[in-house]
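To start, the structure itself, in structure tokens.
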Amino acid sequence: MFSKVLIVNRGLIQANCVRAARELGCQAITVYAPNDKNSSGVRNADEAWELEPKSSGIPYLDIEQIVDLAAKLKVDAVHPGYGFLSQNADFKNRLNEKGIKLISADNIEGYDLANKPQIREFARKMGIPILPGSETCGSVESLAEAAKSVGYPLVMKATEGYGGIGIRVIEREGELEASYHNVIAQSERFMFNAHQVYLERFFPRARHIEFPVARDKHGNTVVFPERDCTVQRRFQKLITESPSPFLPDSLRSKLKSAVHMLMDQLQVVGFVSVEFLYDGNQAYFIEVNSYMQPSHGVSALLTGVDMLREQIGLAAGNPLSFRESDLESDKFVMGVFVSAEDTERNFVPSPGVITRMHLPYGDGVYSLTNVFTNDTVATFYDPIIALVMVRERTREKALIKMQSALDALHIDGVKTSVPLMRALMRFPEFKRGDFDCQLLTNKETRDRIFENVRTPTDSEIAGILAALSLQRDASKQHILEQARTHSRSNIWDMASEWFSRSK
Amino acid sequence: MFSKVLIVNRGLIQANCVRAARELGCQAITVYAPNDKNSSGVRNADEAWELEPKSSGIPYLDIEQIVDLAAKLKVDAVHPGYGFLSQNADFKNRLNEKGIKLISADNIEGYDLANKPQIREFARKMGIPILPGSETCGSVESLAEAAKSVGYPLVMKATEGYGGIGIRVIEREGELEASYHNVIAQSERFMFNAHQVYLERFFPRARHIEFPVARDKHGNTVVFPERDCTVQRRFQKLITESPSPFLPDSLRSKLKSAVHMLMDQLQVVGFVSVEFLYDGNQAYFIEVNSYMQPSHGVSALLTGVDMLREQIGLAAGNPLSFRESDLESDKFVMGVFVSAEDTERNFVPSPGVITRMHLPYGDGVYSLTNVFTNDTVATFYDPIIALVMVRERTREKALIKMQSALDALHIDGVKTSVPLMRALMRFPEFKRGDFDCQLLTNKETRDRIFENVRTPTDSEIAGILAALSLQRDASKQHILEQARTHSRSNIWDMASEWFSRSK
Amino acid sequence: MKYQVKQGDHRYSIDIDGKYDYSHASPVLVDKKAYEVLIDETDANGDMRTVMINRKVYRVSITRGAEGFPEEVVLKGVPYRVEIDKIESTRYRPDASKKEIPGRVEAAMPGQIVHLLIQEGQAVEKGQVVLIQEAMKMENEILAPKSGKLRTIHVKPKDLVMKGDLLFEVE
Amino acid sequence: MKYQVKQGDHRYSIDIDGKYDYSHASPVLVDKKAYEVLIDETDANGDMRTVMINRKVYRVSITRGAEGFPEEVVLKGVPYRVEIDKIESTRYRPDASKKEIPGRVEAAMPGQIVHLLIQEGQAVEKGQVVLIQEAMKMENEILAPKSGKLRTIHVKPKDLVMKGDLLFEVE
């Protein structure tokens, strides 16, 4: 096992990696941007080093600084978490040059899991269906040419994109150039040297299905129950269900075999997830992610496997500690990602201070978060602040449990996806499984989701509150109420006394 | 199913019962004492009614007021949660008179599960080993007489006590009278009309083992994996492990058979737990609890059964929705109850305002709480504020996971059991299972538990901090730092300005 | 006071006693049907935050339009449009909210400016994208609020802006 | 300044620069071995709460004795006894804490009085139980701090008391 591991990330995944490394007996060292100092991961690490912020750019992407620190601290391995540098080939090479291991999946030489067109082609040659698409293109001209054979609408993707970054839907040729510049610019900020994109047929009416896979250096492979991550916005997941209630058993076993084959051919060592789009008939391979995804919490609750701990073990050369048959389960887990976003304004981020955060409770309801009352949701990072999960025997029961869990989840201070998710759990099309990746992407559907939960009584109550707010204005009585409500400290009393004196 | 259920409790169990009732489609109505208004259970109920506090007594024990409210609201059933009125026969009868069901286990007529000497005798007649003890006594004289045959040291217990209330260890005859008056007085405050006590041989070197059991009206019975609740203070549980790693398989199956037999003979319908003391050779029946215990969260995580929802279903006459074989599992769950107590001062309560509460995180770590930053821990109620659970494949792995979970659990504002529990997870005797119910009850052992985690480096750091605090005094610089740290609002600036003006 | 309320096609009247008691659960009449209403908690601005209606707790927030009249009421996260048509038996009118300066555009959220698409002095049309601001990995197009000449741009690419910072002005 | 510290049998010296920089991680010497120490956070009284030592975060609290000297330091919840033997190169002495009035007993926590065992005017011995106060289901025996006559009792059974309320006085 490693003796020193450097964790290079922030938020929940940082805290979770610190935990996993410490459980394995490693010394867990981490880094933080100045604003992130007061976080669980920093507090529980054996050492924490402040990253020096540069005038531009995100500190967690500062390869130079991080590699230098890793070398100075003589760590054995770096855990990149997800996002940021987790798939960055340059980062991996620079660490390897110093004899430091990056904890992410390795594979057969000459292939790069982060290079999606390359892996698409690899899968295609093995006979796994892929979407119509292009190879990597480096200019507007070559894109225009490739687009003709792919056909519109299509999706332009940064070759090494991740987490929904660097993806644009393109309806017609006229949009190609602007989108290309957009994707390139975003890639530069998040991925470096990523001037290359590729095209894929846009497939709006499909479900997103992914298989987590672990493979050790001896070739032992475990394919986990698949996750259905169809509910998304901006190509980022909002709901994860596992196993997928919508995948026919026959297709599931076909896909599992394909995944096993692909892992063996690629000689993967580590944890990855293999992703497909499923249109109700056929499933098309789209990519392999070489890092541990946020949805892994759902798989961990379903299977009881500590996936992060296992991932670090695999990277250190340990054999897998369990078999695929150990993962059999008659349970179903649903996970809802809570994001600090205004769903009414097209999921625009809503950073701020959480003035109250009460997590849900109860048998079969489990939450992961590192954001609590008085914490600040920062601007520049992922707006996901919690993962709420329920474990039940059926999807139907899980939907009911998730309703009561979300009803009890209470967040003040920032707008969140909670109200939309609450309403979604009661939306007939979602309940019966009649939806695809576009479910939440248009405002008209979101309005229908809310309309479905409106009641005549609540409608009248809205009217009452509107009228009452006007009446309170008139009486100005609310000024006194406010004083009472907020009089929590002597300081307020003193200030208040001062106010009246100065009159 | 019931259409209206009244939940009569507070805190986490209130919130959890509201959730369970709503998941079953019932209207969930609850009550609250004025100080408990801002709680999850009240917020998520379909209706909430304020209990009128009387000059003395706990509002949640006000049978008169609660029965009247239940009748006025025309509820079908009352869920009592745990503690308070959950085993109160008078309450049950008064409700039944109005045609309202109390959601707790029913059993054969003529026996009262809350009456411990009666059930002890019932078990004894069935051939189940019980501890030497007495029948119910109502006077000091009869106690002195009975004590002679039981032998000292012994335990005096209120006949209808619960949750560790109304129990005294008695070393010699001289202590009988004072203890009797003590127990009676405490019973009066918590249980009403409970002037009766019984004696049981004190059995200090034993483990506490309990079996949760569900039985429906058709006689289908499911015995859950047993819970080991040996780590206690004041006869109240602090740690629950399930299944018990210390119970031999042969004894486990014997006890399960005994439990099945006892349930059938008593014709129990509902959820109960059957409790034993185990001395390493023999297990002695001690009592049957007819309510859902706080530890049920551990069983729910282990088995995936929503026990509260099932309990309400059984009370409504539904058949059991699962079989004993569905509960088989190769996992182990450990739960640590976090209490707001000063473990250094013999677990004296430490009420106050929680100024920061960060829950632990990570794969396999799950917490239940309804106390968050800014919340107040009240004085008059149970000091348990959270249940932290880990699910793992072995007890050894669970201990390591619980270490990292407790290291990451961060509570400011009140003293808690967390530091002692952290140290306990690293204590050799606890790790190897060499402990009994008295583990935490004497200060000398608690000191040893802490001493085991002290290090020379931390010892020097303690010295540094002591010296630094003196140096800061000298420089008085901390006054300025304090001003900076706490200057969170304009109000502070105003008050501060006012201070300097008034100088 | 009496309020005439319109919600879609539904019209009804709400009656709140002139001496309404805010400190206890007190009745409000909707077309003669009584609701018991108690304001439990208000926020730092004195606006209602938690209300108990017929013994059920609601988290609420109310958005007002330019005239100071409530336009949207959010109940437990679900938005309801509300139009107060008429207020009877009072001469009270709410204060108009701060007059907006059309043409001035401020940052609606903190973030980083990533692109300027139009230069100072150029003409813009209402709804045209002037610049792109990024926050939490999402790019937000900031549009011209009206047609006219782009008089000044107060930011440049890579600038960090706070909520309320002036971005640009259209003449 | 230099501090001589005693912990059990272990004695060592701590050296903190007179111009110690509280705003950055700064060295403190323990018998010449340097620790980098930074105070991250203080509480409402200005006492240290979070400290970073050699890049590791510690939650701390320090209890002082009657003389104002630190007696116990709690590190991540684990208590350590500390005795500061000698302070060199300074004439500074900490303020003595508020002088205790022996005989006066105040409530250490909020709760309810459940029993009075001794009457006003009776004699008590040091350590004898005078009354029982209950908080969170636990009964706490409140003892006489010294021997003498129980002059006054300020509470009666069923009284609710707050922390700091005067319970009784022994002459």
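Order of writing sets the labels: A, B, C and D. Residues in every chain begin at 1.
In this section, a residue touches a chain if its C-beta (ideal position, glycine included) is under 8 Å from a C-beta of that chain, and two chains touch if they have at least 3 such contacts.
Source: prediction; values computed, not measured.
Seen from the Cα centre of chain B, the chain whose own Cα centre is farthest off is C.
When the C-beta pairs in contact are tallied for B-C and for B-D, the bigger tally goes to B-D. Put simply, the C-alpha centre of chain C and that of chain D have 52 angstrom between them. Between chain A and chain B, the centres computed from C-alpha atoms are 37 Å apart. Taking each chain's centre as the mean of its C-alpha atoms, chain B lies 47 Å from chain C. With centres taken as mean Cα positions, chain D sits 31 Å from chain B.
Multi-chain contact residues of chain D (touching two or more other chains) are listed as 41. Residue positions of chain A touching 2 or more other chains, listed in rising order: 43-44, 407, 410. Taken as a contact graph, with one node per protein chain and an edge wherever two chains touch, the assembly fits none of the named shapes, being neither a line, a ring, a star nor a complete graph. Every pair of chains in contact is given here: A-B, A-C, A-D, B-C, B-D.
Contact residues of chain A toward chain D in the complex are 29, 37-38, 42-49.
Interface residues of chain A, counted against chain B in their complex, comprise 12, 15-16, 19-20, 22-23, 40, 43-44, 296-297, 300, 304-309, 326, 330-331, 356-366, 368-370, 372-374, 391-393, 400-401, 403-405, 407-408, 410, 491-492, 494-495, 498. On chain C, the positions that touch chain B within their shared complex are 40-41, 52, 54-57, 59. Interface residues of chain D facing chain B in the complex, by the touch rule stated above, are 1, 3, 5, 7, 10, 12, 14, 16, 20, 22, 28, 30, 35, 37, 39, 41-42, 44-49, 51, 53, 58-60, 62, 68-70, 73-80, 82, 84, 87, 90, 92, 94-95, 108-112, 114-115, 134-140, 158.
Those residues of chain B that touch chain D in the complex are listed here as 56, 163-165, 182, 185-186, 189-190, 234, 340, 344, 347-351, 378-383, 407, 410, 412, 418-420, 422-423, 450, 453-454, 458-475, 477-479, 481-482, 485-486.
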